[in-house]
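Both complexes below contain chain A, partnered by chain B and then by chain C.
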Partner chain A sequence: MENRTKKLPFRRYFSITRAGILEMAMFRSSRVLDFVGNMVYMIVVYFLWRAIYASTHTVSVNGMTFKQTLIYLTLAGAIFSTLNNYLVWKMGRDIQSGQISLFFTKPMDFFLREFFYSLGNVATQLVLTFIPTFLVVSILSGWSLPMGVNLLIFLPAIAMSLVISFSIDFMVGTVCLYSQSIWGINMMKEVIILLLSGATIPLAFFPEAFRNVLMFLPFQAIYNVPLMVLVSNTYTWIDYARALGVQAFWMVILVACARLFFRSSSRVITVNGG
Partner chain B sequence: MGSVIELENITKVFRVLNRHAGLKGTFTDLFSRDYKNLVAVDHVSMSIEEGEMVGYLGPNGAGKSTTIKIMTGILEPTEGKLLVNGRVPYANRTLNAQNIGVVFGQRSQLWWSLPVIESFRILKEMYCIPDKVYKNNMEMFDELVGVSELYNKPVRQMSLGQRTLCDILAAFLHDPNVVFLDEPTIGLDVSMKSKIRELISVLNREKKTTVVLTTHDMGDVEALCRRIMIIDHGKLIYDNNIQQLKQFFGSYRTLKILPAGNVSFSEADLAKYGRQLLVLCPETRNVVFGSDEEWLTVLVPEDEISLIKVLEHMQTLIPFRDVRIEEITTESVIRKIYEGTSDAKPTLEAGHGE
Partner chain C sequence: MISEQREKKEKLHRGAFYYPRIYRMIITQDIKSKMHYRADFYISTIGMLATNIAGFISFWLIFQSFPSINGWTYYEMLFLYAFSLLALTPVQLFFDNNWALRFNVYSGDFVKYCFRPLNLFFYYISETIDIKGAGQLVFGAGTLVYAWHHLGLEVSVRSMALLIVALTSASLVMIAMMNAAAATCFWVINSGTVMVFLFRFKDYAKYPMTIYNIGFQIVFSILIPIGFIAYYPSLIYLRAQDVSILTYLSPVIAVLFYYGSYKLWIRGAMKYSGTGS
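Up next, the complex of A and B:
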């Protein structure tokens, strides 16, 4: 029996992604319900914002027409259900039950393992909920969405959204090592992200001073940036490059933070027990 | 053959909050800085050779699982030196993980909602097991326990026994040098227990895998291990072969009898039963009578007389309503070791089996 001491190749993480996809596919009815949920959300958003627009007596509010707002918010809802992978719940549960100690007996980096697992979930959701929702929105809006290079740019943009939102979730999940409450922390995180990222109200509707502050925070890089890439008719190559640049910047910073935070926190486990 | 696991004066101290009872106590605990040190493992040294199968015993909370967690790299010891496969586990966790396999009886490493074959495939990728090794191992597993009919069953639909079986196979799949089995037979029925014992014993023999087994079940130990280590209150109190251990508990079993009707168990009565039994069967001179609430207990040295014989004779003496047979527990073995006379003192440094 030879001692396998060489470094294992990176591709082994893809087996975890595959498992993530299979797990999502095992629960077929959930995927249908996710799509239906998005449609219901679209209807709610439709009536809510129609009332808002009706009260203003103008065609556009803050530079966005009713139709643009509707498209923006429906797609934001679809991105939300794509990226939302209950990582905080999962980590919290694994930490409280001590299951996390089993991951430490595997030849895998915990951050990467969880990321590639999420990647499988997200890829499945992208195909099974986001794309159908996108098509329905396109059809209902009379194919007014741009269908060109923006679709290609959207792919790296949504991938970076995933990394950013994953890193934030991972940090929040790591807090579970110290705190017993999963529900409270997760709620707080979700409300903050949904509000400050422009997922519940388009950033255009925020007061300008506040919006300028938000532009310097990482949250808008999760929803606002990929959404604008997808729906804007006026983006130029420079805009695309800037959008991806902003995301890449936050991605690097947040991944580094999440990994450092977990590394220092995992001492809590190795020193104080699982 | 070099030693695979080497522990030298390993100590693990946990810092725990001194909790207080009641609502007020719980509330003040929120702000308390009142910690106490809990010594879970206390200067434990051991050396385990390649291919050995070692039983690691101790009552609940004795420090068994903590030692296992230190050896698997989950925990960092507070003091002491250790090497597993020539590496410091907590410092090289990923590298160490490639050469060990782990089963924690109360947890599963299998993917809960996926068919179990997917878990095996993931492990193949995770450990980069060559196709040939994977195929040979899967064939061997199927020959041993016939798992192929389980392949497409999602783990969540499996019985505890099937799941444990698969978990053990999963731990051996990548041909690790050392496998740690932490209470693998917990909660299983007798036939599944013996199936799992058989499996572990074959895998240890065929693959020359070093196995460290923790358990509460003396049956597991007798079936599998030649060498036993016992830990209590964090200290290693026994490290020797199983024959030596048997001197402590012999081959005793306790027969418990629930007599029909009201029977008193005064000293005189117990002595009377002893005399009557001796008349019927002279080999019963070392049988000890006692009582446990409404049960009459009979401690039977099975080297001298079989338990069934004693039962037969007792039947002619008193009518029963119920009968139980109790194995010697780890706890009573440990008590015996503590009570150990000078000729059979617990030996820390004694050479072990083989």
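Up next, the complex of A and C:
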């Protein structure tokens, strides 16, 4: 038993990933609505930015053409719904109901347990939301997206996006131990990430000083880095390596922060009743 | 029999102020219980304001690089945005309990609302007031005044009265959408997704309908009527020369949508048979 656990360190967590996938598969009509919602978002983004670009006479603004902006924003929307896992809500509810005490009695690490559960959700969403959106965008843009090594590099990039975004969610969820204001905290997190990562307005449109600051924050590593890997025609091996390096850097830092924060916070847990 | 007679008698004595008085009593209890979570109120209000400010910044960023959106200027877009925020405030403030409807229905707690001699919908909805919506009210009003001033719109009794009518009918449309979405929980299990799905559309209400092609203009006027949340009512102020017929019809349409959603909600509740425990 000892040996097998050593060979496959996360073996026992995969059953939790499976549970995450099954949960997603159970609510099939929700997945259909998710998909329709993303398509509507794509259509609104298309009409909005078509109207915006109609007001200029130049093809490219801040180095981005209409087509590039459209691809960037729709794929950002798809990544958002892929990574969106309601973790803050789940942790907040477990904390308020006292359920969280159950997890302390189990021979599993809470962080890893939650991570592998969302991995199941994210994997399902990747197949059901991201890939269809990617295909639709590729077809509508006339296959102008590069199809080569960028697709391979995108996989580790999106995996690291998941770890970064999960760690931030986990830290925000841990804050619920102190404040019990799930809605407000989750709202602030979403607004900050969506705006500062470039998922609402591409970072290229931000004033330069502002953008330079944002480049030093972890949020752009969630959306901007994997998206640039996917859509750029000019990336060289050095650019790919740098992109993945930036993500790895934030991943290590944020995972460490999330785990330390939770460990020190779990000492203050007060569970309601028995 | 006796209780029935008594009920009839009481109904006769309920004056015009019966429901407002009950409403005040129920809401007072809710506010008292919310006072225990003061930190939650502050954090939620900041969260709400952050969302509103992010919307503002998005427009500001777009207009840093572009002169207009399809002929709509920066202040006109802000007007539409502020109008939509104000129209979305009542649904946030007074109809927030719709979000809890599905949990009440699945757990069986909903039965408790069925045993009161009050209108079921009224009693259920009046149970909570979501005070964080007040932040949006202030931000929306401030932005509207700002845009109003820069557009040089007239300030008169007539324009203010029109604004109140326009905002009321716009709010009713959003309330109707969320009532209908919440009511789906009487028929389907995962109505939460339906609510989230429809709630997302409110974010698209701040754009002028002219950016869409004719197909989506029809969809957003009839099927998912977000055009009535900001665009059609705002035309009176922003494009007085080509006001759509839908602008004048919007109060009627809003009342119809609201009544339809109320009927749907009640129909679902009437068919509710509890969970058996």
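Remarks
Please note the rule applied: the second predicted complex is superposed on the first by the 260 of 274 C-alpha atoms of A that agree within 3 Å, B and C clash if a C-alpha of one lies under 4 Å from a C-alpha of the other, contacts with A are read in each partner's own complex, and residues count from 1 in each chain.
Everything that follows uses one rule, which is that a residue touches a chain if its C-beta (ideal position, glycine included) is under 8 Å from a C-beta of that chain, and two chains touch if they have at least 3 such contacts.
Remember, it's a predicted structure, so these values are computed and weren't measured experimentally.
By the touch criterion defined above, A:Glu23 reaches chain B but does not reach chain C. By the touch criterion defined above, A:Gly245 reaches neither chain B nor chain C. Using the contact criterion defined above for the overlaid structures, shared-chain residue A:Thr105 touches chain B, although it does not reach chain C. In the superposition on chain A, A:Phe14 makes contact with chain B only, not with chain C.
Within the superposed three-chain model, A:Gly184 lies in touch with chain C and out of touch with chain B [touch as defined at top].
Residue contacts after overlaying the shared chain place A:Ala51 against chain C, while chain B stays out of touching range. Touch criterion met: A:Thr200 reaches chain C, while chain B stays clear of it.
In the superposition on the C-alpha atoms of chain A, the part of chain A touched by chain B in one complex and by chain C in the other spans residues 27. Within the complex, the chain A residues that touch chain B are 1, 3-5, 8-9, 11-12, 14-16, 18-19, 22-23, 26-27, 97-99, 101-102, 104-109, 269-274. Of all the residues in chain C, the ones that touch chain A in their complex are 37, 39-40, 43-48, 50-51, 54, 57-58, 61-62, 64-71, 132, 188-190, 193-194, 196-197, 200-201, 204, 207, 210-213, 216.
The residues of chain B lying in touch with chain A in their complex are 14-15, 66, 69, 72-76, 85, 90, 93-95, 97-100, 102, 104, 107, 109, 111, 113-114, 118, 121-122, 124-128, 154, 175, 177, 207-208. Chain contact summary for the complex, chain A toward chain C: residues 27, 29-30, 33-34, 36-37, 40-41, 43-44, 47-48, 50-56, 61-62, 179-181, 183-188, 191-192, 194-195, 200-201, 205-207.
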